[in-house]
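First chain A sits with chain B, and in the next complex the same chain sits with chain C.
Moving on to the complex of A and B:
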């Protein structure tokens, strides 16, 4: 059902939803940016519509709401272990079309790639998505190239217009929360981006692509900070950490924490071996994972074209430019 | 020609080696001005000076080769620059009211520089508003971060930006980048234990390298601004020396109050038999403890602030 509702009434509904849901949305957090006196736009629990940053792309993706950066899997003592209490409330997350497509990628990895991950499943089962339409394409976005500029996969679509809010309620359960005049409207989505990415077909990627000179430029340029991975809405790697408490070393906890294939240590193995020492090799691994390996396995690309990697890279390395170079290389070699 | 040289120098004109020629020092607090004012400076240089502009060591301009009898005319022409840069003035169209308290210098600050913790020019202007005009010889400089590009430690008051880093351990992915940067570029205040980072407050100089380099925003800045106030550095003949830390983690209002208090202290103790006496030498005479008593009068420091109990300056002694 599509309705129009005043901001005030919308906030009242949010308030009521708050009894059952934790509501997360992108928020411009003043002074929290990388540089002094700049904002950090990232996900935060909210209570009212005005807290939400509708006009800018968030620096970090909504991934962190569903897949916490640090998650304790269990606490252990000498002969017992216990999983942490789980959150009682459900989740309502405001996000854009590309980010909803990104959730599909996370589901693929955590739920449909061998063993289902119970921790992820538990959170995932409680999440409802609120689509924020995109009035315009942002810098570095290439969602149209990736086919992620549009989605129907949401519980609620929201379009704030002045003092009013237009809602596209798809989830029956939410009908009970929002009351307003019926009103037809279309959710915004972009139909073209400034950045266009051409992805090589699998057969265009040469067997010896790892040897291509293309990667060598990144040996020097990339500083292996991992920002590109941490802001990415589809990177799903984690590592395990076993902590033994300082005052009683027989007790501790096991955590999982986000990992980055660009950062030192990602490929460390017992005995001190590691692969991909050159940063260009890490770049290759990342790029091919996003637009080749994942596709080979699951039949669609991992990258959703949000462009946050390009927004974040301190060295101005552009992922989309790299993919286009890879495409051109494929053309040459054919 | 009969001219009162004391009045000339107080008016920010110089007695030069070339008889009957003077030079005007244009103060630019914070080292930043609208480019449009350059037109006025050019006009003065072309029509009254020798066509040159000298960039001073204190981020101002010096218009050289002006005839001394043209001072009044030049003062009228420079008026829009004085007003535009919001320089306190007693009588309009009479040029600069004083020259003792020097132009307040600042590095480029956080309008441009990623390392800076605050907007240096803005703070410089607020200090200028609070202390100028004054005949006492005081030099103030502000720098955005401990890199100290403006070299505040060669000033009577050196203000260095500090940030109080806040750590959200939930966001930390243990990549170690903050620890590495702090160790290699800064003071080594961070250590990693059980995959999480601890910050040793006494070692931390608030440079913000941790915040700048953390890929997940686990380190962020505090909303409050903090500063390191270093005092009584100087160049010159008798005993050139670097400024020493007076107060760490001090706030902006307290700095302004301390500088204003310092003028009262100078008024009390300056050696009036000398043509001018530089503040640092007065402190040498009275001792730091007496200075501190005056400087901190009615200053309400936050509990964060760390005040030096005593200061022993070094430098060259003859």
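Moving on to the complex of A and C:
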């Protein structure tokens, strides 16, 4: 059902939703940005519409809400493993089309690739998504090339217009929270980005692509900071970490923490073996995963074209440029 | 909270500990359940962490772990005594599929701790030699002090065709010296089309041993390898073990070389 309601009424509804849901949305945090004097836009719990940043792209993706940076898997007491208490409230997350497509990628790994991940499943069972339409394309976005500029896969679509809010309610349960005049409208979505990416067909990726000189540019330029992975809406790697508490060494916890394939140590094994020592090889590993290897395994591309990796890189390395180079290389070789 | 938490380990009792070298012990753990040679478990101690360890022996009511002390978790594991418990979850990975080797001339080449994951196969073939057309075992260690499973090697030496070599040794050492690759040509192969060659060890050892067999005319399809990569989950989630579109923990660690030769780090 599509309706129009006033901001005031919308906030009242949000307030009522707050009894059952924790509501997360992109919020501008003053002077926390990558570059000096810029805001950082990250996911935070909100109570009112005005707290939400609608006009800019979030620097971090909504991934941090459903797949926390650090997640406790177990608490240890003496010789017992104890699971953390279940979160009682459900989740409502405001996000854009590409990010909804990104959730499908997270589902693929955490629910489909091997056994189901119970911690992810638990969050996933309670989360509902609110689509923020995109009025315009942002810097570095290439969602149109990736086919992730549009989605129908949301519980609630939101379009603020002046003092009014247009809502496209698809979820029965949410119908009970929002009351307004029925009004037809279309959700915004972009149909073109400044940045366009051409992805090589699988057969255009040469068997010896790892030897291509293209990667060597990144040996020096990439400083292996891992920012590109952390802001990426589709990166899902983690490492396990056990700790014990300083004040009581008998107790501790096992956690998982986001990990980055660009950072030193990702492949280190006992015996001193490691792989991809050159940063350019890590770039290759990441880029090929996003537009080739994942596709080979699951049948669609991992990257959703959100452009956050390019936004975040301190070395101004452009992922989209790299994919285009890969495409040109594939053409040459044909 | 969670019906089946795949990250929740179970307790397993240490039944016996065998010390092979200063840094390598085998732990016999109480365990009932289906396990294949080449599969692995995540073994853990709360507050220290988990690590993937292959099964090096499989019995009705036990599994063996042969653990090398190299860091945080393995240092701690080595402090445990008979009667203590480890936390384990698994088994993970595909393991060796014994039907692939039935009625074939089986050749196993193991380097160092690579003997652990294939020891289960050796045990099976040792018990049922008639099921196989022939069996050769070629094992290499760094030095005489690094030799694992000395007792078993003695028995195997009597019952099986075994070549045991060390990379280097003092002058008075009477055994064979040299890398395993130097002994590949000493193995008699009756029928190139009916061999099954299993190679497990450090990356460089596997690379050169595979090449030596290919050079002898063995087809890629008749060679199997087991790969080791960094693993944090064992169940296809953490991403660390991935080589191109392949997850070593799920699709491996055992691969036919016709597949393995295409894998890229």
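One rule holds in what follows: the second predicted complex is superposed on the first by the 325 of 334 C-alpha atoms of A that agree within 3 Å, B and C clash if a C-alpha of one lies under 4 Å from a C-alpha of the other, contacts with A are read in each partner's own complex, and residues count from 1 in each chain.
Note that contacts are C-beta pairs under 8 Å (C-beta built on N, C-alpha and C of every residue); 3 or more make two chains touch, one makes a residue touch a chain.
Predicted model only: the values in this text are computed from it and were never measured.
Partners chain B and chain C fit side by side in the overlay (superposition on chain A).
Once the two complexes are laid over each other on the shared chain, residue contacts for A:85 go to chain C alone; chain B is not touched. With both structures placed on the common chain, the touch criterion links A:296 to chain C but leaves chain B unconnected. When the two complexes are overlaid on their common chain A, residue A:263 makes contact with chain B while staying clear of chain C. Chain A is touched at more residues by one of its partners, and among chain B and chain C that partner is C.
Once the two complexes are overlaid on the shared chain, A:243 sits against chain B and chain C alike. Contact with neither chain B nor chain C is seen for A:72 once the two complexes are overlaid on the shared chain.
In the superposition on chain A, A:206 contacts neither chain B nor chain C. The superposition places the C-alpha centres of chain B and chain C at an angle of 110 degrees about the C-alpha centre of chain A, rounded in steps of 10. Of the two partner chains placed around the shared chain by superposition, chain B is the only one that A:230 touches, whereas chain C remains out of contact. Of the two partner chains, chain B is the only one touched by A:60; chain C is not. In the overlay built on the shared chain, the residue A:214 is in contact with neither chain B nor chain C. The gap separating chain B from chain C in the superposed three-chain model is 10 Å, by closest C-alpha atoms.
Shared interface residues of chain A (contacting chain B in one complex, chain C in the other): 241, 243-244, 259. Contact residues of chain C toward chain A in the complex are 1-9, 11, 44, 46-50, 68, 70-71, 74, 85, 87, 202-203, 228-230, 232-233, 235-240, 242, 244-247, 249-250, 262, 264-265. Across the complex, chain A meets chain C through its residues 73-74, 76, 79, 81, 83-86, 109-110, 113-119, 122, 207, 210, 236-244, 249, 252, 254, 256, 259, 261, 266-271, 273, 275-276, 281, 285, 288-289, 293-294, 296-297. Looking at the complex, you find that chain A touches chain B at residues 30-32, 34-37, 40, 42, 59-60, 68-70, 225-227, 230, 241, 243-244, 246, 255, 257-260, 263-265. Against chain A, the residues of chain B that register as touching in their complex are 110, 114, 116-119, 161, 163, 169-177, 193-195, 208, 211-217, 220-223.
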